[in-house]
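In what follows, subunit A forms one complex with subunit B and a second complex with subunit C.
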Partner chain A sequence: MVSLIATDVFHGLLPVLQGPLQLAAATPARITSVMPFRGRAGAVQTALGRMGLGLPEPGQSREGKAAAILWSGRGQAFLLDADPEPLAGIAALTDQSDAWAVMRLTGPGWDQVLSRLVALDLRPSGFPEGAVARSGLNHMNALFRRLADGVEIWVFRSMAATAVEELAGAMARVAARG
Partner chain B sequence: MRIAGKGLIDRRAPVGFRFDGRDYVGFEGDTVASALLASGVRVFGRSFKYHRPRGVVTAGSEEPNALIGVGPAEARVPNVRATVQEIWPGLEATSQNRFPSLGFDLMAVNDLAAPVLGAGFYYKTFMWPRRMWEGLYEPLIRRAAGLGRLGRAPDRRVMEKAWAFCDLLVIGAGPAGLMAALTAGRAGADVILADEDARMGGRLLAETITVGGQAGAVWAAEVVAELASLPNVRLMPRTTVTGAYDGGTYGALERVGLHRPPAPDLPQECFWRIVARRAILASGALERQIAFPMNDRPGIMAAGAVRAYLNRWGVTPGRNVAVFANNDDAYRTARDLAAAGVRIAALIDVRENVSVLEDFRVLRGARVVDTAGRMGLRRISVQTASGVEVIEADCLAVSGGWNPAVHLTCHLNGRPEWRSEIAAFVPRPGAVPGLDACGAAAGVFSTHGALAGGQAAALGALADLGVPTPAAALPEAEDAPYPITPFWDVGAEKGRAWLDLANDVTTKDVRLAAQENYASVEHMKRYTTQGMAPDQGKTSNVAALAVLADATGRAIPETGTTTFRPPYAPVSIAAMGAGGAGHGFAPRRYTTSHLAAVERGAPMVEAGLWFRPSHFPRPGESGWQQTCDREVRMVRSRVGICDVSTLGKIDLQGADAARFLDFVYTNTVSTLPVGRVRYGLMLREDGMVMDDGTVARLAETHFLMTTTTAAAGQVMRHLEFVQQAHCADWDVRMISVTEQWAQFAVAGPLARNLLDTLTDDPVDDAALPPLGLREVSLMGVRARLFRISFSGELGFEVAVPARHGAALYRDLVARAESLGGGAYGLEALNILRIEKGFLTHAEIHGRVTAFDLGLERMMAKGKDFIGKGASQRPGLSGPHRDQLVGLRPLRGEQAVTAGAHLFPQGAPATVENDQGYVTSACHSPLLQSHIGLAFLRNGRARMGEVVRMVDRMRGIETACEVVDPVFFDPEGGRARG
Partner chain C sequence: MRITCPLCGSRDRREFYYYGAADYLARPAEGAGLEAWDAYLHLRDNPAGMTKDLWYHEAGCSAWIEVTRDTTSHAVLSSRLVAAVESADLPGRSAPARKKAAPRKKKGTS
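Up next is the complex of A and B:
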């Protein structure tokens, strides 16, 4: 069957390894933006509840068995790796699967690397596991999710190469301190 | 000279380096200053104005004299303080401000002219003729005046900036800072301890003081080791906190690689922004000098620095040392040196009532009135009750007392307070919210006082942070009083008495300023340049203030203080701008077709942050013009492919989405049928045009808006503002989908033929009329197909999820090439749209109204919309407005240029006659003529008139006919297919 080839946005760019630090591609298979319509937040909450999730509070995320949902802005969340069909009609949905390039920076010292590019308080007290923040990665708009052993970094697809370059540079500079 | 058994340097680790082309050897732990002093070097540089030989004065970052250049000539970093620069194998340092050499400097002739070179000399002397100042006098004076010279090569050093967060920032790691950090660290608070020095300990490293029964340096090392073991404490040595800013934010500069041989990726410096809930200033105190005649010779140093060199680095700057002081603290210098076997020539104390029971000669009630020794001190003249005595000495250690380093407490406009018992300014409590000073920085000079103050400050901060903590027992330490008699100026009858060594400012200059009525501190500072050198007058500010107070008959507190501003110590601009050099300036946005375009040899141009292909050269084409002409003809006669993904795409959904769009667009959108597209115009609140674009109705309550590339972010922000500020209760939800979709224009008479080969869904007029849209299946991918045209030809835009963009683009171009067409770039796109009179932000530049653009019919009458009221203000429409027109030169080969201005024929090209300007211009291969879009005063009424186009920048003048802005196919038949 004839088909259109899909291109990996990080092809040839990732992974980047630097000592114990690793920067790897981690774009979810499916990303759907969810914005509950007026007066329908309760219905959305219920529908998400059936999926083992819920509407995350600002700066929070929820993890289900196979799916997850991240707060992504005012009145907005990103549903990951799940069919959004149960939310049709009660929330504005858009497919964002191709819009974001997602990386994971993991390993000891990940926070030292990120603090070169991000003005967030990355201490566990300010940014515990599961926390989400919209902030800047140097000059880029980005979304950050705290993982158990590192951080997930979301940037616009068009800026993926710049983001990798900036992160790889910060990794190299931190490593060079020895 | 090194003293055996003294110092904290590692004598088993010699380090070789070069200074002014000569090899020297120091030890690990040495600074350039300590290593050169140990090698007997006395002259480090030449002074700023008089080019006098100068030596090192201090042992810290406040150093006014010993400024050196570091690195090879082409990449030299100037004005590095030799007292801060650590040595490393291969370090190359040079002295500054001398020609041809440090020993023999031609500009030293300035020193002979000193009697006439006082403050204000240049301003008074070189006033006339006025225009000569900038062109001749100032450059000459600047060349003679001196600091180091910057290397001319581009700065390729790696720099870094970073953020840090903590509960408590402790600034300074002397006894007070260490105690504060230890107290807070043990209590579990997140602590950052930042210290300028390579080794933490502050004055404990420079003195012979004991703490808790052990040597101060040992106690400090143990505390530092404990702090390093605490996971909640972060030690930042070599880090100068340079500024205090709002909200508990501090700037700090870390020397990362400056003390190490270069290595790939190793940053030289890191500029930190530290956000702290509380901060403790334990920055210590800076010793001040006494002004006495000829007090600038190499070998005349701060008394505290002399013993720092002895105790920290095992170096004595002289073999026969005299001490001159007005306080007890300086006695330590004489005692430490004497204990180390250095001869003390005399201790000269200005005070009468002091004990002379020392192991060295004490002259009380005495003062130094002259010195001798051009390339290094040889002897001093001392005035005593019995007359003037000449004393041989190769080093004079001077102490006029200590100034608490209050600088950071003044960065938010706070003024320090004068405390007369220590004759110094101390921080005003609360001057920087959340910052407390302690130890010497707060005017408490004993070691016990520092430890107690550091602990108390930490306990206070912990209580504020909600971690109340009991006080632990303090280690035992000296608690000596600090008797001082203020003494500033010996009073020079002959010779010069320097205050500010870095800028060559003497007491005479300050008195002259007062005499000429520059009597306020701020005026005196600017008149004399006192405090304006890289050291910012750290060793001279208070003394200069005292001299000014004396000259104006006021007390010191009445006289005031100068303003301390950030940074405390020099900060490399490269560190603050780290990551911004070269293409770090901005992110690069690549379309999915980027690689394919680059492979085809297309030069890329930046459009906003996007990289877009300018044109696609083919073998045999002579230049871009020929390529563009071919691409334009290709679209007009066959079919062309262009990536238009950079246009902003905003998805809007909700029961009130149509109502919302009616509110933000000037024209009506709610009447748009599902499956159709409409051109829309958007105004700012002030009535000016903000953007234009299209809006497609995907479903009854679902719309897709496109914006121009340039205004995508602005429009999104505008929509969010309108929704949140004006209609927060409307049911409309919006999100950008720009990055989700790759979108390609397929334009030209054969566009439909091309699409028919790609999809089974029909794209004829019935299925997809002009301004129609439909979802189609494209090789198994759900795609959106729009029938819109920015070229005036039969045009489609096909959108697929971005992961398929690269493949689809290559496929479309290949098919177009089979049909005799191909890819076209931004240049051809621009020519095609100018020929059709379509707008971009060259025209929608923020100062035009819909009326100016000839689009006033798009302002719907029966509804309100953003900007409507403002757009109806008088003056925003009418014959006096510059209106959009087309321009065509009378002779087609003559150029029309964007940016040129328009004047009536026969009228001179003056501002008064200016009647408009050209916004877009190109050469139309179709019309075989240059053409342009322009705004012309009352232009629509002047069709057929000839105007003068004058481009002063390019020196071009063209007579142009005013024509309709639509040059080609005004009926639009071609786009309908």
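Up next is the complex of A and C:
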């Protein structure tokens, strides 16, 4: 099989540092969208259970030893860093590894950065660790996952540079307020 | 204006795409007369008060939602997933596993 050289999705734009805030690249090595076939959600649940995971409820995620799974929309989840072979035949599987640009925004004030770009209450009190939300980052469709020390932001790969510019600007303005 | 997505919760109206009256869910059966198709495609009420229409959670979970709202007060009264409604109505799709599943799971399988 031909082995191609992977290109950095952010083209060297990351990391961005602003005071205590940090924006770093965090795209998983493997992303597979999982959409259980009609009536097969139970079978998918069982297969994922054997992988130490499960089908996440809307707005939730699950963390395994090496893999993870995020709810990503109606009837859909993203399986991260795992071979989806056990789900073949019971769910529609699509390799999306090269489709997303994923960043991690950390440091005190990360929620203030997002509040400038997202019309959603993502403060730690209303968006606990492991919670997932689909919403917009300004005008971009995005996915958010709450981490212990910040938030993970997913945008379409084609939007990577725009997302970094928007976030870097908001980070600078939050950092400038001290 | 805010709309409650049954999966995502209360969201800004800008996350949604408006489709039209919920009448679009009542598609005439195959072989229905011209009058039924004419009514389905073209005839709409224009109520002062409660109305039902379809919205797509475009910048969200990609669900189609039937929203009940009041055209005189602009209040959004309720919302529900279209997929769950449809799958219950379609023949040959009432597998026991689907009936047992919790409402949220049901949507996930359709």
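Methods note: the second predicted complex is superposed on the first by the 174 of 178 C-alpha atoms of A that agree within 3 Å, B and C clash if a C-alpha of one lies under 4 Å from a C-alpha of the other, contacts with A are read in each partner's own complex, and residues count from 1 in each chain.
Throughout what follows, a contact is a pair of C-beta atoms (placed from the backbone, for glycine too) under 8 Å apart; a residue touches a chain by one contact, two chains touch by 3 or more.
Worth saying up front: this structure is predicted, and the values here are computed from it rather than measured.
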Partner chain(s) touched by A:T162 [first = subunit B, second = subunit C, both, neither]: first
If touched residues of subunit A are counted for subunit B and for subunit C, the larger one: B
Which of subunit B and subunit C A:R38 touches, first, second, both or neither: both
Subunit B versus subunit C as contact partner of A:P58, first or second or both or neither: second
Which of subunit B and subunit C A:A119 touches, first, second, both or neither: both
Partner chain(s) touched by A:S97 [first = subunit B, second = subunit C, both, neither]: first
Touching partner for A:N138 - first (subunit B), second (subunit C), both, neither: first
First, second, both or neither for A:V9, with subunit B first and subunit C second: first
Which of subunit B and subunit C A:G75 touches, first, second, both or neither: both
Partner chain in contact with A:A175 - subunit B first, subunit C second, else both or neither: first
Contact residues of subunit A, present in both the subunit B and the subunit C interface: 37-39, 75-76, 119-120
Footprint of subunit A on subunit C - complex, ascending: 7-9, 11-12, 14-15, 57-63, 81, 83, 87, 93, 95, 97-98, 101, 104-105, 107-110
Contacting residues of subunit A [partner subunit C, same complex]: 36-42, 55, 57-59, 73-76, 119-120, 133-136, 141
Touch list for subunit B against partner subunit A, complex: 158, 160-165, 190, 256, 263-267, 273, 275, 579, 584, 586-592, 609-610, 651, 653-655, 729-731, 733, 735-741, 778-781, 800-808, 811
Complex contacts: residues of subunit A adjacent to subunit B: 1-9, 33, 35, 37-39, 75-76, 91-100, 115-123, 125-126, 138-140, 156-159, 161-163, 166, 169, 172-173, 175-177
